[in-house]
Amino acid sequence: MTIAVYPGSFDPITLGHVDIAARAAAIFERLVVAVFDAPAKSLTFTSEDRIAMAREALAHLTNVEVIGFHGLTVDLARRVGAQVIVRGLRAVSDFEVEMQMAFLNRRMAPEIEVVCLPTSLEFSYLSATMIKEIIRLGGPTEGLVPHHVGEALRQKYLGDASTGPVPRFLNS
Amino acid sequence: MTIAVYPGSFDPITLGHVDIAARAAAIFERLVVAVFDAPAKSLTFTSEDRIAMAREALAHLTNVEVIGFHGLTVDLARRVGAQVIVRGLRAVSDFEVEMQMAFLNRRMAPEIEVVCLPTSLEFSYLSATMIKEIIRLGGPTEGLVPHHVGEALRQKYLGDASTGPVPRFLNS
Amino acid sequence: MTIAVYPGSFDPITLGHVDIAARAAAIFERLVVAVFDAPAKSLTFTSEDRIAMAREALAHLTNVEVIGFHGLTVDLARRVGAQVIVRGLRAVSDFEVEMQMAFLNRRMAPEIEVVCLPTSLEFSYLSATMIKEIIRLGGPTEGLVPHHVGEALRQKYLGDASTGPVPRFLNS
Amino acid sequence: MTIAVYPGSFDPITLGHVDIAARAAAIFERLVVAVFDAPAKSLTFTSEDRIAMAREALAHLTNVEVIGFHGLTVDLARRVGAQVIVRGLRAVSDFEVEMQMAFLNRRMAPEIEVVCLPTSLEFSYLSATMIKEIIRLGGPTEGLVPHHVGEALRQKYLGDASTGPVPRFLNS
Amino acid sequence: MTIAVYPGSFDPITLGHVDIAARAAAIFERLVVAVFDAPAKSLTFTSEDRIAMAREALAHLTNVEVIGFHGLTVDLARRVGAQVIVRGLRAVSDFEVEMQMAFLNRRMAPEIEVVCLPTSLEFSYLSATMIKEIIRLGGPTEGLVPHHVGEALRQKYLGDASTGPVPRFLNS
Amino acid sequence: MTIAVYPGSFDPITLGHVDIAARAAAIFERLVVAVFDAPAKSLTFTSEDRIAMAREALAHLTNVEVIGFHGLTVDLARRVGAQVIVRGLRAVSDFEVEMQMAFLNRRMAPEIEVVCLPTSLEFSYLSATMIKEIIRLGGPTEGLVPHHVGEALRQKYLGDASTGPVPRFLNS
């Protein structure tokens, strides 16, 4: 049985993430979606919120489990018995970072394979940063994030005008 | 009559921006240069300053108007009756961001076209960040920014040593 | 009145080309789709066939005219009174070639602007070479090329097994 | 049981291909290495030779089978009951082609996933074209291709000076 | 005698930097490794620490000198009589930044050449940011940074949990 | 004394090549411009012509020598006592090929360094292929190739209409 880990910050989970998780869940027997518990202040949501939103978004995938973690992805993979780390591929800039991470991970854990899945075309232009910017500027999020995530983002950015990190991208 | 919007933060306007605006003004009947009023602290200049510097830099283009705006670029485009959003293209990294923004904007406003103009060769290596770094390190800015913008940058970075965000790039 | 030229070999015209032509026709008063009459043997269709297929594919766009041409694009642009050369942008590899061509064209004709239009997401993975390969291998072309072009390709590649240049790509 | 197809021309198989096949064989229950039987003249080896060299190079991988095929990769995948198409990723230029092929394949067979595996660092600069050029110029191939492939290449390029397509790359 | 300057923030020096310095020292008569004294808070180490770590890491290269500097790299080059600025090349993203910097530097000092050296394959995936992240997450740094740098990083990140800027990359 | 080799097909030499050679000649004590004697038919000029044109174009650089060669570049470098192979860098697509070649060359000759020089901005969009296309279509070549090379190209392409390989690029 091949177990795969899909690590990320999922801040918050988008339909692009859901797409990758569903693809991975179709290929591998079990998929562990691992929400990285980085103590960084530039996150929009807490670990608890990010895990909860991911769980709700992926509830329909029966062989997928969402957990939080800290430490190295390869250590997590070993802990859960995974042979595979899954990553989504969108653009050239993704590609280089993913290659770097794949080489570093292999160095630390040669027995674990990195597998890159191309995103669906319709999500290839999606990033959590862009979605936050759209929300902040009052734009629509249907088709970009799950409904409950859109609600959480709207509450975060529009319900509380003084809220934390303000992404600047779409109009930069 | 085709009206075009050229959005950006213009923090501050460079000769690369002026080049793109002039090209767009030659193609379209009217060009609205829209200075994004993002309330973010990582800006070097206030909205008022950015708008004023852009106005002075573009005063010679008679069919160009400079305005401030907040909200989504596509909403602004609709408000001013523009059918076109203009963007400058310099490098591969620009390209990917522009494609992402074009797809997102089309999703929100399919009736508005995104048009990318390649910069002049001589400005293809210019960015506001790099110019600020050159200024901060005491380098010359002739040929990079309009004269009045160079003055404003020098006052900002050299006249007040404790000033705000310090770009780190040229020597990184 | 802004006249634009959209040059290419159109061997044959795809729905990606039609998409770019429609976008350009919405922005500019008149669009001249210019089919390059290169005497190269690596073409699949004759100039006459390529022009005829393009004309049929673009017949619904009333301000679009299809012509054949030889020589430099900038000379053609001057001949038809165009101020703009239109190019489609799909991928990073497109981007570099387009930038090179834009710089060369400007050198030869500084008064003519190059305008790049991002393709629709659904056509961003399309190329004439890939379509020929799909046809040759017996795959479906609905949604990739206009119906009459699909017929012509099938006749070319499947009706006559010994036909000319055989693209090798999809399985390479 | 997840079955994967690893398609290619393998003209000839390199240690980079062997690396990807071994990685895929470690993840999936069964791997079908599919040698594309393209009737193109720019191939260096016949289908029979390419299949035989691949079989010898992969004989140590017990869950790997080498077959020839013609037609679309997605049709082959369906024929052999594969849910996955495996592709190697080396460089940015690979990346764009792979994304295009992934989107086209999904369009034709949405039930089949494309999985990209980053090559080992030591093979990231390898291509069959470069290896042929090295051979042709009398360079060493240890560590680039399996021993029997190096022999076959030397015989092809050095034993018969008038042989077929001459790659030009290393010194271009 | 050709003197070269290798500028950077070296925060801290990695084995990738050591590799580039050794290559440059083999080509040029004298190499000045110049540690940029940027007063930015996002640095992990002080200028003194960065210079000291670089000196220890490069002590085996007899024609290499490590100095601190502020101001423009081209001004430094002139001050030390260097005709060449050396830069390491790892990835496509490096490439674009280096090209931009080369063009800007030439504009300011046409008599000074920029020379890019490709990193060793084994260091092509290394960045100071990634190394800090690995350290912070408890991973091994053998083969990534000199021993004394690894110690300094571990003390910085693990000995003092409340320490400054926290890179987020590997699990993002 | 550092000797450098600048290898290429120089078919024909352009002002971009001259620019790189002049930069290298300013850094290194001696520069050997090595014209690759590939027996490929896709060349436009014979080895003799390519060498002669390069010699005339570089006659003003007193420490530069032009030779023909066949075989591997690293073997040539060893033969002439060079420690350095020089390559020009123009675009991202150049970059990847150069990195691949650098890694392969290091594998074969670890004692020889590869040094990449960014081209002048004004030549960054130049390629021999594009220049041939411009010539063939009747365009001007001032500022692209040395005068005698322009003459040779015009004679080749315009004086003899049935001449060899016809590049297709500018209008493709």
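Going by the order they are written in, the chains are A, B, C, D, E and F; count residues from 1 in each one.
Operating definition for what follows: a residue touches a chain if its C-beta (ideal position, glycine included) is under 8 Å from a C-beta of that chain, and two chains touch if they have at least 3 such contacts.
Just so you know, these numbers come straight off a predicted model, no measurement behind them.
**Q** For chain D and chain F, what is the smallest step count along a path of chains that touch one another?
**A** Contact-graph shortest path, chain D to chain F, evaluates to 1.
**Q** Chains touching chain C and chain D alike, please list them.
**A** A, F
**Q** Can you tell me the least number of steps between chain A and chain F, where a step is a move to a chain it touches?
**A** The distance in steps between these two chains is 2.
**Q** Report the chain pair from A-D, C-D or D-E that duplicates the D-F interface, where duplication means over half of the contact pairs agree by residue number.
**A** C-D
**Q** Would you mind telling me which chain pair, A-D or D-E, is linked by more contacting C-beta pairs?
**A** Result of the comparison of A-D and D-E: A-D.
**Q** At the place where copies chain B and chain E touch, is the share of residue numbers found on both sides over half (same) or under half (different)?
**A** Result for this pair: different.
**Q** Relative to chain B, which chain's C-alpha centre is the most remote?
**A** Most remote chain from chain B, centroid-wise, comes out as D.
**Q** Averaged over CA atoms, how far is the centre of chain C from the centre of chain F? Could you give it in whole Å?
**A** 32
**Q** So the centre of each chain is just the mean of its C-alpha atoms; given that, what is the distance between chain A and chain C in Å?
**A** Once rounded, the distance between the two centres reads 38 Å.
**Q** Give me the residue numbers in chain F that touch at least two other chains, ranges are fine.
**A** 92-93, 96, 99, 103, 121, 124-125
**Q** Mind giving me all the chain pairs that touch?
**A** A-B, A-C, A-D, A-E, B-C, B-E, B-F, C-D, C-F, D-E, D-F, E-F
**Q** Using the touch definition from the top, list the residues of chain C that touch chain F in their complex.
**A** By the definition above, chain C touches chain F via 7-9, 36, 38-40, 42, 70-75, 92-93, 96, 99-101, 103-104, 107-108.
**Q** Please name which positions on chain D make contact with chain E in the complex.
**A** 92, 121-122, 124-125
**Q** Per the contact definition, I'd like the list of chain A residues that touch chain D in the complex.
**A** It is residues 2, 23, 26-28, 83-84, 89, 92, 95-96, 98-99, 102-103, 106, 113-118, 120-121 of chain A that touch chain D.
**Q** Which of the residues in chain A end up touching chain B in this complex?
**A** Per the touch definition, chain A meets chain B at residues 91-93, 124-125, 127, 130, 134, 137-140, 143, 166, 168, 170-172.
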